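For clarity, chains are labelled A, B, C and D in written order, and residue numbers in each chain start from 1.
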Amino acid sequence: MGVSSEQSADIEALRAETHRTRRATVPALEDILYQPIPVLDHGFIRVIDYMGDDGAVVQAARVSYGRGTKKVSEDRGLINYLMRHRHTTPFEMAEIKYHVKLPIFVARQWIRHRTASVNEYSARYSILDNEFYIPAPENLAAQSAANRQGRGDVLEGEEAAHVFGLLREDSERAYAHYQEMLNENAAGGALDENRQGLARELARMNLSLGFYTQWYWKTNLHNLLHFLSLRADAHAQYEIRVYAEAMLDTLKRWAPLTYGAFMDYRMGGIGLSAKGLAVVKRLIAGEQVSQEDSGLPKREYRELMADLEREG
Amino acid sequence: MGVSSEQSADIEALRAETHRTRRATVPALEDILYQPIPVLDHGFIRVIDYMGDDGAVVQAARVSYGRGTKKVSEDRGLINYLMRHRHTTPFEMAEIKYHVKLPIFVARQWIRHRTASVNEYSARYSILDNEFYIPAPENLAAQSAANRQGRGDVLEGEEAAHVFGLLREDSERAYAHYQEMLNENAAGGALDENRQGLARELARMNLSLGFYTQWYWKTNLHNLLHFLSLRADAHAQYEIRVYAEAMLDTLKRWAPLTYGAFMDYRMGGIGLSAKGLAVVKRLIAGEQVSQEDSGLPKREYRELMADLEREG
Amino acid sequence: MGVSSEQSADIEALRAETHRTRRATVPALEDILYQPIPVLDHGFIRVIDYMGDDGAVVQAARVSYGRGTKKVSEDRGLINYLMRHRHTTPFEMAEIKYHVKLPIFVARQWIRHRTASVNEYSARYSILDNEFYIPAPENLAAQSAANRQGRGDVLEGEEAAHVFGLLREDSERAYAHYQEMLNENAAGGALDENRQGLARELARMNLSLGFYTQWYWKTNLHNLLHFLSLRADAHAQYEIRVYAEAMLDTLKRWAPLTYGAFMDYRMGGIGLSAKGLAVVKRLIAGEQVSQEDSGLPKREYRELMADLEREG
Amino acid sequence: MGVSSEQSADIEALRAETHRTRRATVPALEDILYQPIPVLDHGFIRVIDYMGDDGAVVQAARVSYGRGTKKVSEDRGLINYLMRHRHTTPFEMAEIKYHVKLPIFVARQWIRHRTASVNEYSARYSILDNEFYIPAPENLAAQSAANRQGRGDVLEGEEAAHVFGLLREDSERAYAHYQEMLNENAAGGALDENRQGLARELARMNLSLGFYTQWYWKTNLHNLLHFLSLRADAHAQYEIRVYAEAMLDTLKRWAPLTYGAFMDYRMGGIGLSAKGLAVVKRLIAGEQVSQEDSGLPKREYRELMADLEREG
């Protein structure tokens, strides 16, 4: 994982300090605060800070003067109700901040979520590290034949070896040329005193989308759930899904009632259209339904049958 | 101030509890956490929660692994630099949550700031308290003759007495009729067993804009500064400005370096247009400048001279 | 409806002008452009401007150089697909602007939708008209006994008459006192030359939440759909729902394919939680399911059975 | 410029069609609607659609029933006033949509502006073209020695030739290997029938940040001005500044009064801090001021003197 020993020391120093606070505090999240959780070959997520917990959701929904919580069972019922009826504003009342190290092509998907605050490491100002993503052998997938936006079988044998070779060599060459154009060695000195070195903001364009960047990313609980519902989904690209899955674990520590409601109503739930609902009612009534008489187009019919785990 | 003894007890219970945390903690803000700070005749603000501090701004600007702070003087220099050059994203990395009790007409101005999270007490669901705003005598201002959107002298004598009478009587009557239409007494019982009572969501429309509502309001430091720059400004209506001023005090406790930079660069600063800058250069060069040869329209010329504290 | 003859003349003048444009144009929406559509007793909505149509959604989804549309059936299929899979960004590519006149208590619900642009008539700067909302007899509903946030039967007879009297008298008195405090008559002159008149920004607080305000409100198609899904819903308060319904009609004119998809997948659809889906599968398999063995809490079980139109 | 003949035909077909509309229409912008304006070596911007004009700003500020415009001089005065006092909401009432082709490293800066709608060409779904950015010789700048985030002299002679060689060769190789890993030729056929081809969503990571992508980008006038104030600024990276400059030209066509106010109050204006204002007052009073007695840190003093075009 891409954390130097100096960075580890900074992290350990932070973890060693504790303070007294009157704020709502979540011991299960404090346990892992600041610690990098490895993702992919050089990436990580770290929870850097948080504000509020399940109680903040309850407090806001009740606009109460105290913490707002009653019995756990009542709080769970209220949170389930809010989630079920998409009363989303109380979930905006808790906040979390991550430090994330991730390949640039993943960052480009991630940044499309606009309802978050971001500070990214600047390659105009600083020099990127020589770290790039190479998929593990089991993730080197072929293009899907059925789905233009999906993966098929894992590549194997000669083709896999050839692809790994190209990815690795091109990345290493790109970085070597990046340094050469910058005319800087790792220690910050000039490689050649007779050259000026290309501006950092230009040299960076020789790096490929597989190189790692990093940022601070802060969002509220509602927007985090929205992010996770899209990025922890089976249709998300594997390389961003593993980040979302690691974040799901931190959510479970942070706000277990919200996590439970989210898994039930969002991640594990489905949406039925008016036409889909009509089909379901006919099926429940014991009718035979075929695609032709369902009122649904083929693809949608197939998707519905898959949701109901029936042959479409 | 509109806090019942039961609510005070909830607040004191929260204040009595402390927890251990690894998060950045601000003792000066912890001192007043949860405590209502009175504003207007029945209103208040209370800081309910916060995340981060000046160090969070520094940490994000540096994308560092540790807290990001070096010497106070270096942190101050960096925060001043960010404020001066409007590098706003690092200020998004700290967050604060308030509980606010405020007249509805103030709430209507306040809510125009969209970059915040809000949960308001629901008058569809619950019954509002009998609390309405009556200005203090020194704030009962006449319409400004010069500025359609401003206040003139304070009303006095008979006119003042008459206005106070109307405001108070109409508010009291409105509330009495609200209860009558609801057919509910303060204890929640029916006033008249033979009546059904009007729906709460309808009865509320008999209340005037001077009645108090309350909400949880959460925003990040950047958006808080933007709110304060508009609402603590001399052109803001008095009744919202006093809230903004109370919040400025909490900002000073929370993030003193940011507060200092904000007061210097925003609250105390001015903007010069290209044409205004040209006038300033001529003045510095010792030239006489009149409105006619300034290139500025009259009103803008007058505003500039006022900023420079010269006779326009 | 609250449109003066002068305002009508302005509207007719605008409707009489036409221009040549290369932009996508929607004749069915042009037909009603600028025309007030009455809502409630004095309110209206008017479509003031728009940008794009169904084709803009298709164009953005395909990132194409031309209009992006192929056959209507292909465009419909694509729009249905986007709606079904919540690929929302292409729907952000069309924009609409309304002029709305509405009671203040409705405006207070409406403004909670933050992803829109708003310019409201300023009662700091100008004087509000003497127009307030009085429900039609069939909408004067009692508080629901079952649902704290809902309506029950319509009030009738003496109770209704009493409520109407209170609403009307309090509104009229509030307005008369508003003018008296302002010391202004309808023509803008002073009522009493010896008085100064209270500042407009203060006098307005004597008006009740039933008075009408107006604003320009502009949003994109995606956010419009979100607004409509909440406000045209059966759980929305009647007084905002009628606005949403009038807007649904304008949507149907503007973007008929999107409207169709929206009605099928959102307005007419339901969400099933993981547990709800398990119940549906059991029902389809012909099993008997009771609330007790469903894994669902009572209320959620009842809601599911209502969705499936079965006795819960 | 990266527009194929087929794309040009689509564009010309759109330009040839005109429609009648009641909407506000801007002939000077219609003239260039849909036409690519070249930027950098393969990029462009095209205005695709727009809604409103200067009149929409005026209309919203006045909340008027008609177009809102009076005499041009009154409209200009109002727009200047709004700009000067940062009354920003009326500028949200006009909207514009661009189609942009740009290098990925430019797209990564651009996307940080969150208050816009974006649909980007998907390299998960489709194959990127073989187009990458190579700076013109006069833009191949060395790293600035004074400013870590800036450019110095232009590279020349052997060093320039070497850099150009590396950029070009690495880009060409990256693309060739991209195709090889995809196992697809330009016509979409397989290069080698015995290989499966790597998934598109993985293969793309071999491309460098200099490759071109494209998107639809839509924003309102207020957010456009904010974007331009940062990206048309002298401190912005050259490669994004040229896009902003091309957009400034389209703004001038679209909303000339707003453009004029923006150039005067934003682009050509400066901000003075409280301390900076104190220095200016002393200078106007004819005092000698040095950095030491100015109360300003060195860097800020130097910046202020540069703004006033005095020796610091």
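Here is the rule we go by: a contact is a pair of C-beta atoms (placed from the backbone, for glycine too) under 8 Å apart; a residue touches a chain by one contact, two chains touch by 3 or more.
Owing to the predicted nature of the structure, the values given are computational and were not obtained by experimental measurement.
By number of C-beta pairs in contact, C-D leads over the other of B-D and C-D. Between the Cα centres of chain C and chain D there is a gap of 35 Å. Looking at chain B, residues 89, 112, 118, 122 sit in touch with two or more other chains.
Taken together, the touching pairs cover every possible pairing of the chains. Taken in their complex, chain D has these residues touching chain A: 103-105, 108, 111-112, 114-115, 118, 122, 124-126, 133, 135, 140-144, 148-153, 155, 159, 163, 166-167, 170, 173-174, 177, 180-182, 195-202, 204-210, 237. Touching chain D in their complex are the following residues of chain B: 77, 80-81, 84, 89, 112, 263-265, 267-277, 280-281, 283-284, 286, 297, 299-300, 303, 307-310. Chain B makes touch with chain A in their complex at residues 3, 7, 10-11, 13-15, 17-25, 30, 33-34, 49-52, 56, 59-61, 63-67, 89-90, 92-93, 95, 97, 99, 117-122, 214-216, 218, 220.
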